[in-house]
Amino acid sequence: MPSTDVFTTITLQHYLVLSAALFMIGLTGVLLRRNVIVIMMCIELMLNAVNLSFIAFSKFSGRIDGQIMVFFVLTIAAAEAAVGLALIVCIFKRFREVNIRFFEHLKG
Amino acid sequence: MNHSLLMAILLLSPFVGFLINGLRWRKNGPNLAGGIATVAIFISFICSVLLFVDLVSMPQEARRIAVTFFEWIAVDRLKIGAGFVVDPISAIMILVITGVGTLIHLFSVSYMHHDKGVAKYFAYLNLFVFNMLILVLGDSLVTMFVGWEGVGLCSYLLIGFWFTDREKAAAGMKAFITNRIGDAAFLLGMFVLFMTFGTLNLHELNELAPTVAEGSWLGAATLGTLLLFIGATGKSAQIPLYVWLPDAMAGPTPVSALIHAATMVTAGVYMIVRLNAMFIAAPNTMMVIAVIGAATAVFAATIGMTQWDIKKVLAYSTVSQLGYMFLAAGVGAFGAAMFHLMTHAFFKALMFLGSGSVIHAMHEEQDIRKMGALKKYMPITHFTFFLGWLAIIGMPPFAGFFSKDLILEKAFASPLGHPLLWAAGVLGAVMTAFYMTRLMALTFWGKSRVPKEVHPHESPWLMTIPLIVLGFLSVVGGWIGIPHVISAILPGHPANILGDWLAPMLKVPLSDAHHHLDAATEWTLMGISVVLAAISAAVAYQFYVRSPETPDKIAKALGPVYQLVSKKYLIDELYFGAVINPLIRLSKNLWHHVDVNFIDKITYVLGDLVRGGGSLVRTLQTGNMQLYAMYVGLGLVAILSFVLMR
Amino acid sequence: MTADAFIFWFLSLITLGSALSVMLLANPVYSALSLVMTMVGISALFVTLGAYFIAGVQLIVYAGAVMVLFVMVLMLFDLRAELQAFSRGQISGALKLATVGALAGLIGGALLLSAGNVAEPSMAEAAKLPPDASKALGIVLFTRHIFGFEALGVLLLVIAIGTVALARAKGGTHAKH
Amino acid sequence: MGQDIFEIVVNGLKLIVIFLLMVQAVPILVWVERRGSAFIQNRLGPNRVGPLGLLQLLADAVKFLTKEDMLPNQAVRFLFYAAPVTALIPGVIAYCAIPLGTPISIEAFEMFGRSWGPYVFPMQGFDIGVGIVFVLGVSSLAAYTILMAGWGSGNKFSLMGALRASAQMISYELALGLSIVGIIMLYGTFNLTEMINAQQGALTYSAFGHQLAIPALPNWGLFYQPLGFILFFAATFAEANRLPFDLAEGEAELVAGFHTEYGGFKMLMFFIGEYAHMMIACGLVVTFFFGGYLVPYMTPEQVQSWVATWASSPNAVSAWTSVIHLLSYFVKFAFFMWFFIWVRWTLPRFRYDQLMDLGWKTMLPWALANTILTALVVYFAHTIK
């Protein structure tokens, strides 16, 4: 790939690098944030990053199955958000805060 | 309609009835539940008749409708489909099961009208019919065994139907456990047969049966059939496993009529008839069957003479009659066994239903000492019961005469028979006549001993109609198997329909295929048994109607012997002392010493090991989910670097 | 193709920027709104990739429903800016960052390594997808992936029941008798 | 967007024109609403300023623009200001996807010393393949503006109003989306223009290989999906937060809901946003169920051939055809806008639990039933001959 084309020709790699960057940002958030809701949002971000690479693969390989996977991921993400938020509401009702350390009761 | 559809309806109709009533057992009232159940069985009956008609229209040698719905088990050599067969033998069975079943369901609608669990009752009854149909139609021993276990389950459920009564619940368990012993033997028999012949298909087993009689006791055919026969003694209440049947009378009376007289208990006989070629090949087994059958016939009859409970008398009578069927099977007269099975189903179901009618009228009183002279209160019940009585004591031309006579003749004349077996049979017949007459006399005739507060009355028409139908069948049921000597003197010479019908399915004893008595001997044998039975009945009439004090005197004179017999030879006590209690003691010892000291210790040590290991590992589990996520990330790093390095 | 390139760079800038703010902003409400922005950006990226239907669904489901729930919960709790946005622990924090860095490096390396292997996006390949792929999408979804589809249906049912059970004030899993 | 400068410029102009049309329609609608309510309630309404009180609009605008700009003490400054601005965006973008008339085709011509064209310009902001999905997706973003406004105001009433409004929007979005699945299956497309084209001519039911034509009625979606129409129209009321579903601003309990703290021009922006939602709703209803821009009983070709009898150049024919269709669209559109106003001044407000019951327990099941029934009918009627 000639270096002059990097900015003018958009290839699969561009999308993959973008997707990886989004994924890393999401992962960092999951690992470092204190607020459980933010952590969940970062998980959504990671899922979206994966969706992006699915669509990119689908486009550049000419197969539609990638879009189906996105469809599934979307559904599962919605389900996960619903349950997660319900749990968070329970935690909030108990502690009046949604800090991740309130989820540390299950330990060895 | 095509056959598989008919067969499916035949089988599934009771099952659907079971589902409907079973799922709505709190809601369905007696009329609805009974209606559903009766209609379900009646549909099956119609299917049976249609199949039967089809079967008749086929050429004699090709009378076989086989349907395989799907492949059920396929393991290496073992291939078992959900296959069902209607052939001349099973056709008789399904007609009896669904026909008599319909009548008994109809009877139950009225009989169980005031019971709270009536829908549950009908659900069990339908489930029973479903399983019974699987049993008789199954084309392999395994399919048959499914039905075999299923009817056992239903029997247990129905005997213990009033399970709040401790004794009745115990009776159910007794039946179930006793049957389990037989079932274990049945399973072993299946193993032996499969090991030797490589198939469990009934048809194929009959084809593969050795053509030469096995002399050894340990030959495959002998051992296998012997084990199967032990299974049959459990289900069909023969010595030594008969003890559950009298107790099974704890269930509702129509159940006793359907399960413990007409259908389920005959499963053992039916199984032997199905596998007749295999049994014929094992003369030792045949001998055992004949001896046990004859012994049971006599033994149970003696107990029957001393019982006071109307249903117990009938129960011992059933055991005794089943003994006759085994006797017939044992001497190779399978047709006679089937014949007696059928006629017995008619008249014994009739008598049980009649006793149910009596019990109903007497407000749940079963002791015949508190009855008497019911004839004038319940004319229809009395009349039909009277017909049944004539049939069972073998008076010509009632149904029982023909079948019992055929059995006795074969016991005498068959190459596998013996005059001693015949003598035992005749003895049994004499005693049967005695105790049945005693029952009639104490219940319907003589002086009334009915307590004042009880007002017997005739039962409603829903109960009497089945009685009338069965009474009719008890009269004419035997006419399809009229022996040659009698038909020779009758106008029109009616043929032996049943004999011809079953002939292609049955194998005659190997040594002498065409062994016939001359007419004179046959007449003589017939005359002896009939006359002796008639005399015995007359004696009983004399004892219990004319001079009611005589039996007590005789009982006193016999003293300990009478006591022994009336306590059923103390067989139950013997079983408890010799088998059950030692077994319980052994189990308790094993528990206290082996289990606690040895096996438990091993598991404790293992558990401690696991716990120790766990407490080591759990330091990793801090509860901090973000750390967990980091572990996952590290795992990803490891996997990715592995993939990239490769 | 400069217009396409321009749109891509513009959208990726927006997407990355709002994604970073999701991660960095101390106020969770701003984080959530940034995430909505990210979703919209990704949806627009889907459009540039020709996945119109998925883009619309992304808007409806993610931006329109899931994130509204998040925002609603946040606002209901009335969580203002937090004193401490990140969890405690210097060492563990460094470890986590190192993990992220290692993973990022590995993925970047993998992408670089594969750059030569993956064929250039030939127009022939891309042209295989019809411009309006919704119909093809439906056909594939209901034939080849029908099992997954049905399984998802079951999952959603279970989730719906579970969520109601969790969130009920009375009679749920937290019922005190 | 286009192939050359001319096309790009025209398309850009088109977007601006549609935006301006929408914004400018709002004062007129406000006037209609006030006069209409007065008419319904048997009073006069604004009639002093200008003829028929038409200049009242101008006075209102001036009043809104010159009011003091206030920021509540507890408000979150950024969100408080961002909310009214963003309130406009989803509505306008979504409306741009609705076709308003037949495309105008322009023949090749010479300008600035080079040749241009020929061109075809659709009469809509932009034509996107998955029209319905796009419109639903974009308009669902409106929930955020309400939430931002409600939370940003730092006021409990505002917050409650915002939460109610967004919960209501999410709930009714379900029924809304499901109610048009039937239409989508019927026409087999997401594209709004294709849907409109499918509604040409006289009403013709075709099933099992037979056809039943009813020449007296136009071939509108209404006659195929009556239940879908009722559900969709009802759900749009909830989506637009209009009476009888305006729980978000129930004056008796919440003062004015999420815009309690807003005044002046910011308030006006919310107004425009709300009317934009009404316009989208009416545009979609007309498109799905009433033949969109089609002139009843006439196909676009018939209209065009009629225009060709008196118009001179091909460009003029195309333009006049488009204008006639545009008028046809606006007549239908205006009727439903009036319907919205009519309902507002006729029906009382629901209670909140009644609202949720209606959405989840009545409309959703019926929409599901409609979907299933339509699926069965479409499948069997088109596969079995």
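By letter and in written order, the chains are A, B, C and D; residue numbering begins at 1 in each of them.
The rule is simple: a residue touches a chain if its C-beta (ideal position, glycine included) is under 8 Å from a C-beta of that chain, and two chains touch if they have at least 3 such contacts.
Everything quoted here is computed from the prediction, not taken from an experiment.
Trainee: Along touching chains only, what is the step distance from chain B to chain D?
Mentor: Minimum step count, chain B to chain D: 2.
Trainee: Give the chain pair, either C-D or A-C, that is connected by more C-beta contacts.
Mentor: So, comparing the two chain pairs, more contacts are at A-C.
Trainee: Report the inter-centroid distance (CA atoms only) between chain A and chain C in whole Å.
Mentor: Once rounded, the distance between the two centres reads 5 Å.
Trainee: Using mean C-alpha positions as chain centres, tell me how far chain C is from chain D in Å, no decimals.
Mentor: 29
Trainee: So how far apart, in whole Å, are chain B and chain C when each is placed at the average of its C-alpha atoms?
Mentor: 68
Trainee: Measuring centre to centre with CA averages, how many angstrom lie between chain A and chain D?
Mentor: 34
Trainee: Any chance you could list the residues of chain B touching two or more other chains?
Mentor: Correct list: 624, 626, 630, 633.
Trainee: Give me the residue numbers in chain D that touch at least two other chains, ranges are fine.
Mentor: Touching at least two other chains: none.
Trainee: Give the residues of chain A touching no fewer than two other chains, as numbers and ranges.
Mentor: Residues 27, 31-32, 100-101.
Trainee: Touching pairs of chains, which are they?
Mentor: By the stated definition, chains touch in these pairs: A-B, A-C, B-C, C-D.
Trainee: Taking the touch rule as given, give the residues of chain C at its contact with chain D in the complex, in rising order.
Mentor: Those in contact with chain D are residues 29, 33, 36, 40, 43, 52-53, 55-60, 63-65, 67-69, 71-72, 75-76, 78, 131-132, 134-135.
Trainee: Help me check something: in the complex, which residues belonging to chain D touch chain C?
Mentor: Result: residues 79, 128-130, 133-134, 136-138, 140-141, 143-144, 147-148, 150-151, 159, 162-163, 166-167, 169-170, 173, 177, 188, 190-191 of chain D touch chain C.
Trainee: Hey, which residues of chain C end up touching chain A in the complex?
Mentor: Those in contact with chain A are residues 1-2, 4-5, 8-9, 12, 15-16, 19-20, 22-23, 28, 31-32, 35, 38-39, 42, 45-46, 49-51, 53-54, 57-58, 61-62, 65-67, 69-70, 73-74, 77, 79, 82, 84-87, 93, 96-97, 99-100, 103-104, 107-108, 111, 115, 118, 120-121, 124-129, 133, 136-137, 140-141, 144-145, 148, 152, 155-156, 159-160, 162-163, 166-167, 174.
Trainee: Please name which positions on chain C make contact with chain B in the complex.
Mentor: Chain C reaches chain B through residues 87, 92, 95-96, 99-100, 102-103, 106-107, 109-110, 113.
Trainee: Would you mind writing out the residues of chain A in touch with chain B in their complex?
Mentor: 27, 30-32, 39, 100-101, 103-108
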